[in-house]
Structures are given as structure tokens and as C-alpha cells.
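When the chains are written out, they are named A, B and C in that same order, and each has its own residue count from 1.
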Amino acid sequence: MSTATVPNIATKTKVIQARNVSKVFTRDAFQVKALDNVSIEIAGGDFVALMGPSGSGKTTLLNMIAAIDRPTAGELLVLGQNIFTFSDSQSAKWRNEHIGYVFQTFNLIPVLTAFENVELPLLLTKLNSQQRRDHVMTALKLVGLEDRVHHLPKQLSGGQEQRVAIARAIVSDPTLLLADEPTGDLDSNSATEVLEILRRLNQDFHKTVIMVTHDPHAASYAHVTRHLEKGMLLPA
Amino acid sequence: MTLTSFVRKNAFRNLRRSILTVLSIGFSLLLLTLMMAIWRNFYMEKGSEESALRLVTRHKVSLVFSMPSYYREKIRAIPGVAVVVPGNWFGGVYKDDKSGNFFAQFGTDPDEFFKVYKEWKIPDDQITAWQRDRAGAVVDSELAKKYGWKIGQRIIITGTIFPTNLELNIRGLFTAPQPTQAVYFNQKYVEEAVPFMKGQQGFYTILASSAADVPKVNRAVDDTFRNSPQPTKTETEKAFQLGFLAMLGNVKAFILSICGAVVFAILLVSANTMAMSIRERTREVAVLKTLGFTRGTVLGLFVGEAVVLALIGGIGGSVVAYLIGMGAAKAGGFAGALHVKVATMAVAWAAAAFMGFFSALVPSYTASRLGIVDGLRHIG
Amino acid sequence: MAIPISYNIRNLKLRKGLTVMTALGIALTVTTALFIMALLAGLQKAFKTTGNPLNVMVVRKGSTSELTGPFPADNFGTLKTLPGIAKNAAGEPLVSGETVVVIVLPRADGSGEVNVSVRGMMQNGLALRGGVKLAQGRWFTPGQREVVVSESIHKRFSHANVGDTMEFGKGSWQVVGIFDAGGTAYESEVWGDVNQMNSDFDRQGVYSSAYLRATDPVAAAALKNRVGDDQRLKLDGSLETEYYAKQTSSGSVIKFIGLLVAAIMAIGSSFAAMNTMYAAVAYRSREIATLRVIGFSRPSILTSFVFEAVLLSLLGAAVGIVLMLPFNGMTTGTSNQVTFSEVVFSLQVWSPWVIGSAVLFAIVMGLAGGIFPAWHASRREILAALRD
């Protein structure tokens, strides 16, 4: 199956359709039901906040959508595709093209500069170095870091690191932006900067954003807030 | 940035570890290159065209036993023999030598000597001067340089095997393709001083008329003397030189076992380093995969990293080996076997790259198979 | 306060993969070093232990070996009468005039020909070499074309069994016995009657060497000097033990090359060990800080890490020794640079000297690889390490 044939997603079409998705982790003798019959639909252009106590399955759900993990039961269509039928290399390509992922702990590569970190996903594309440079600079400008291009992660503040991570997530112009507690490790000023960027990406660039957070202030940036508890999605 | 420069950056991420790994591999590769050079020079080089035409005949039992002088005429009569000259090991020590360095002295026949060693360069007038002086000698120009000898100078060699000293006048300086570090003089000098050497010769060097004659002459000479009290053993110049080496023991097995140990050591060192770096980067691997890197690319990144480190070690080690070989080649004799050809260095690089590649396969494969979820949850 | 050893052992166990690979790397280096040392030990044993310190060996003046200097048999008569010579059972001087020649024998495995020393001796020659024991058959009979061969020649060459005939000199010789020279240089020889040998090799009227048994060590020294000082004789005397000890020159080449190889490999392995220990320090940086907080001192952390490195290399040494043990006693040959004949000797892995130096070698490697990382570990600031 080719991953390139995704139709242009008009706003308000369903980009995510999850039906009765369950995920059970088995570790030694224990079984943990991380997701329990979760059904959710998210429309293109939405900004969704996922909230819930620690261990409620938020990251697990995000991982499902990013084709990082597979459910034990249920069905999940992302951009109209049943991503669980993908092979490893197909889902890698899928993530590269359609998913931008932002981690709580930034996860920048320490030996690479801001520019190089952002360029990393583009190395997997057919773009030449000039095209890559243009994309990277656009992304860095968008997060307001065009003057920090040659800094290494350790020379940046936490907020700046997270902005580089967001630039990396959007540099390949994905449809979906998934953020797992993106402000969890930041002070409130930096958090606001990051949230503003996410809002801009949603409003001006029509990215569908799904953000996991504990913080009601962060959740207030979203159009919709959904709650998970013990793996179950509470009614909206 | 490209994937290649990403690999390069990763290779030097932990600078101290990379340097230690490169040094460790470099020392091993230094050894490997020298061993390969020795192997090549001893067992693979055919020798020069002229050398391939030369045969050496000695007493069948050992070089320490001499053969009658009349063997020379008998050998000369064999079809395919162009020239034959006698050679005698004198084994003396240079009187004015304080360093204790040893060089070879051979007694021979000045009239025909340079007809056998055609490719050695020496002015004709110096050959004539040597032929005219019974106490004359020609010396390797490299050796002369080492001791500061000039033409016309007198040198004294103290006999250790023979009860006489040689007082030789340097009449000529020759240049051989590979330094011989030897002195050649007229054997008649020794025959006159040491009565029991009269009519005896240590070995004969034969120049065959053509390459096709070499095996025929080889057989014919030994057949001629098979049933005499002093049977002979004839071999090519190269084989004759190798004979000295074989006396040390099983040199081939020695070299091979060292190479084997070195190769395994490099594999272990490199695999160890990669296992350590990969373990530390478990989380990063998961991030790369989240960004869309496939298993294959991740595998390639790590294997490439190991190859880069091994190659740097390999290039460093082989270059040092090359320098050592260059120094040793100047010293001449068996040390010349350490001479490292560029082709040998290239083989060393290829070997290093291969070892880097294989050592990284297992740890890199494990890393590439690691699930993203587990990788992201990895702490440390 | 010292950190308990069990802490180090547990840590090595915890990082099993790393430990095993580093130890294997060290083991390989130790194996190489061991191989070379075993070779040297065997060679040294073959020459050093050869001879009786009371035996004085005589050759022509200026000659460096028994092969290169025959001397007139008349001189032997003079030698016999020198003072200080012990008497045999029959009350005659315990002396032997001998002839040594080198012959070519085919190897039993067909891999070419090898030079072997043949020694013609007088009846006293056997008594002079009391350490050499008969293993099979009987000794040769004077006046007969009979030879006894050493055990290693018996094993390594064809036609060297009791009852076989060997072809050399002017005809065939009957093998009547096999002797056990106990790993000495005689292990590479064939013995027979001196007169028979002399006539076969056209050496009538000369001897290669003579052996004289002195009554005591002081007499031996005096005898040796007297032989050399006597102007009429033109002979040189040396103690038999000295003579053989001098003949290890081919050993010195092996030694030189071997030590060089071992040193290069050892340096390489030290770097690898250093890598492992640095990694160990990095992984445990918090743990080290915690130990410091609890109250362990810097020196005790330093000692603990150095100790762990040494432990690691000792593990490597143990593996290396085990890997080499099967080769213990394996025989090989090298040429005696003086006689050009083959010297047979065995690899001596299981000797205190060899095992001891292998262990020492490993400890040095461990120290070299451990001391910097350990220093690094003990120097780290507690807070910096805890934050890691």
C-alpha cells in the first residue's frame, strides 16, 4: 500500500477515526489495560487536548495514532488509512510524511545544532540541500529561532529546545501534530510561547493538533478537551 | 548535513571513547599491516626479473659446509648456465664499529661477480680497480654512507670463524635495488691466509640464460653432485633467502596466528564500543524512528559509525606501519621485509572497514529492532 | 573505609556483555603473550638445562661451535692427562672425544627435510651425560654401525624406530635404542660410536669436540682455564652448561619479535580496557556520588575502581591461560643458529614463570586501563554527579 495517496484533507473531514481501540500490555505475569475500548473521532483542523491522570493511557493513544504502537483490539483509521496494516518501513515513511511528534523531554540529538536537528527528518526525503535549507529556515523562523541556527541543544534554554523540537516536527509539513505534554518540563513563560506556536500552527497553517497535557491553562488553547481515565475515554 | 555527516558526528560524540577505540584498533592494525607486509614480501613477491634468473647452490646439509672449487667449472658446463660465481660467508666484525652493528662480508670472484648481479649499479672503472687489487672490496653505498667510508679507504674486518683478519681497500661503491648492507671482496685473499679454505667454496650463485632454463638448471646442478661426498641443494635466490627465515621456525603459522588474534581483538574492541554507544542512545534510536527513520537506516547509521572508527584506526595504524617499514627498509637485510606497499595499506583499510562492519552488525541489529515505545520509555 | 570487593564483582556481573567482551579482548592479548613466553620458556629450557656443570667442553680455539672447528686427535691425548679430571668406574679418565656432523632427514609428515645433528662419541660419552635416560631398546655398541635416537627424533622422523635402519654417511645404520633427553638440546640428536662416524664422514684423526668431567666445580673452572691457556693445544674450554646457554641466538630473534608483538597488542588492549572502565564510571556516576555522600572517601573509590579493572583483566588472563593450556607441551622446532640443525623444544605454558608473567602482564594492562577512569571517578564533584 502506498502512503503517498492521501487525499488533501479538507477541514472538518475526519482525520482520525478510532473504534473500540484497546491496548493491553503484558509484563511478566501482570496485564495492564492501557486503553479500554476507546472510540474517538477527530476532524481535520481541530486542536484537541487530551487530559487525564498519569498512567491513564494518554501517551499510549498518541502512540497508536503515530503508528508507533499497535492496538490489541479495535480499528483505527488515520487520514483514512488503516495504519496497522503497514509494514515497519511503510509506517516509518508514514510518520516522516504525515506525523509531527513533540515530546515532553524535547529529545533533540545532542551532537547536532538546532539547524541540523530540524533538518534530520528531511534527510529521508528527496529534497536537495538548498531545498532542505529553505524548509529548515522557514520552520525555525516560524518558532522564532532563526538567530539560534548553529546552537547546540545544550546551548539553548528548555523553551528554545522545545521550539526547535516543534520546528523539527513541522519541517516536513505533516498533517497531524502530536504533542505529548510539550509544556511539562517548561516554566510558565516558555510554556506560553510554545502554546502560542501550537495555536498559530493550528490557526494559520491548519494543522490538526492533538496535545496531551496535565495543565488546564494549556488545555485552554485547544478547541476540544477530552479526558482519559484508567484507559477509558470519558464522554465529551 | 547529510546522513554521512550525521554518522561522522555520531562517531565522535563521545570523543574520549572514540579516541580510545581508534587507538586500540590503530595499534592492532599497525601489527596487522606489518604482518601482511612481511607475508607479502616473503611469500608473494616474485623478486626482480634479474633475481628470478638467479639460483644459489649450497651444500645439501647446510651452508656451513663448503664444496670443492672445481664444482664451479662443472656447473658452468651445464646447459642454461650463463655465469656462476662463488660466494663465501666470512662472518667477521668491523674493527672500528662501536655500535656493534653487524653487516655481511662475502668472498667472491671479482672477475665475474657483476655479470651475475647485472642490475646492481657501479661504475666500470671501479669494477676494474676492484679486479686489480687482491685486497680490494666493493661495498653497498648505503653501508658506506652509514660508516662514512670513502673509496680508497682501508677497513679491517676481524675474523670470528676464520683465524685471520681482512685488511680491505674500498675500490668501489655499488647500489643494489634493495640495500644489501654487504661487503664483497676477493676470496683468494682468504684462501691465501687460511690454508684449510683452499679449494673450498661456501656457495655458488648461478645466473641462468633465460627464465625457462631456471628449473632445468636447478635440477641439473643437484643431479650432477647427487652421489658425490658433497651433495648440493640448489634453489632460487628468493627461496635461498627464505631458507634463513624458515630456520627461525614455522614463520607462516606464527604470522597467521598473530593476524588471527589481532582480527579477533579488533572485532571485540569495536563491537564493545558500539554496544556501549548504542546502549546509551537507546532513547535516541526511538526518537529517530518516530521521525521516520526505518530499521534499515538506523542499522546503516550505526554500522557506518563503526566503519568510520575502524577505518580511522586502520588508516592511522597502517600509515605508522608504512613509516616503520620505510625506516626498516633503509636498514636492509631482513628488516627490509617490513617495507609496506600502498596496496598492502589498502588491504589493511579494507580489512579495518570489514571488521568495523561485522563487529557492529549484532549490536546495531538489536538496536534497529528495538520497539519505539520501549525505547522512548528507556531511562539513562 | 574500603568498599567491599563483592560490590565490584556484582558490578562486573551486572554488565555481563561488556565484561565478557572486554575480558575476551584481554584474554586474546594474554594468549598471544603467553604463546610467545611459552615458546621462549621452552627454548630456554632446552638450552639452559643441557649439560652437567662439571663437564668441560673443548673445541678448537676461536671456534664458536662443535661444528666449525675440528682439532687433531693427538691433542685429545694431552687433554686426558690434565689434572682435575674425574675417573670412571674402570679408573680411567672420564673423557670423550666426539664428532658432530649435520645430516638431512625427511620429516615423518612428508613436509620436507630437516637438518639433524649426529654425534659420534666414546663409550664415556654416555656416562658423561648421566641425565639422558634410555627409553627403549639399548645403547649403541662401540665398533658397530648402531645408533640411538632421541625420543623427539623418533616421533618426528620416519625410519627412526628401534629396528629400523637409517641411511646417512657411507651406508646404513641400525637404530637400536631411543633415549629421553628430558627436553635438553640433546633432544635433537642421533648418537653413535665416534670411530664409526669418523670413518663414514672422512674425519679420521680429528675430533669436533671433547668432553671432560671435572671432579668438582672448582676443578671444572680450573680445567676450563687450563685448556684455554695451554699454548700447545690451541683449544678453548667452556662449561657444557655455558656453551648451550649461549646457543639461544635464534631465541633472541623470536624473543625480540614476540615481545614487540605482545607489547603492541597489550597497548591496544589497555585502550579497550580503559574504554570499558570509563563506561563503567559513567554508568555509575550517581552511584559513586551516593557512595561519597554516605561517607566513602575519594581514595577508597579510586582503589575500588582500579581493583575492578584489575579484576576484569585477571578474568581475561584466566581465560587466556585456559585457551593456551591445550598447547602445553606441544613440540616445535627452530634452527640452532650455530649448528644449523633443528632444535626441538616444547611449549612450556604450565610453568610458574610463564603463568606468573602472564598474570603480571594482565595486571599491568588492567592498571593501565583502570587508573585514569578511576581517578576520574574519584575526582567528580558529588553534586555534578548526582545531577547527571
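Convention: contacts are C-beta pairs under 8 Å (C-beta built on N, C-alpha and C of every residue); 3 or more make two chains touch, one makes a residue touch a chain.
From a predicted model like this one, the values you see are computed outputs, not experimental measurements.
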Can you give the shortest number of steps from subunit A to subunit B, where adjacent chains in the path must touch? 1
Give the identifier of the chain nearest to the protein's overall CA centre, each chain being represented by its own CA mean. B
Rounded to the nearest Å, the gap separating the Cα centres of subunit A and subunit B is 63
Quick one: subunit A and subunit C, Cα centre-to-centre, how many Å? 71
Could you give the separation in Å between the centres of subunit B and subunit C, each centre being the mean of its C-alpha atoms? 27
For subunit C, jot down the residues that touch at least 2 other chains. none
Which residues of subunit B touch subunit A in the complex? 1-3, 6, 9-10, 12-13, 283-284, 287-297, 371-373, 376
If we count contacts the way the header does, which residues on subunit B are in touch with subunit C in the complex? 16-17, 20-21, 23-28, 30-31, 60-65, 159-161, 163, 229, 246-250, 257-258, 261-262, 264-265, 268-269, 271-273, 275-276, 380
Report the residues of subunit A in contact with subunit B in the complex, numbered from low to high. 63, 66, 68-69, 88-89, 92-97, 101, 103, 107, 109-112, 115-116, 119-121, 123-124, 129, 168, 172
Touching subunit B in the complex, subunit C uses residues 17-18, 21-22, 24-25, 28-29, 31-32, 35, 61-64, 67-68, 101-104, 115, 202, 250, 253-254, 261, 264-265, 267-269, 271-272, 274-276, 278-279, 283, 332-335, 337, 339-341
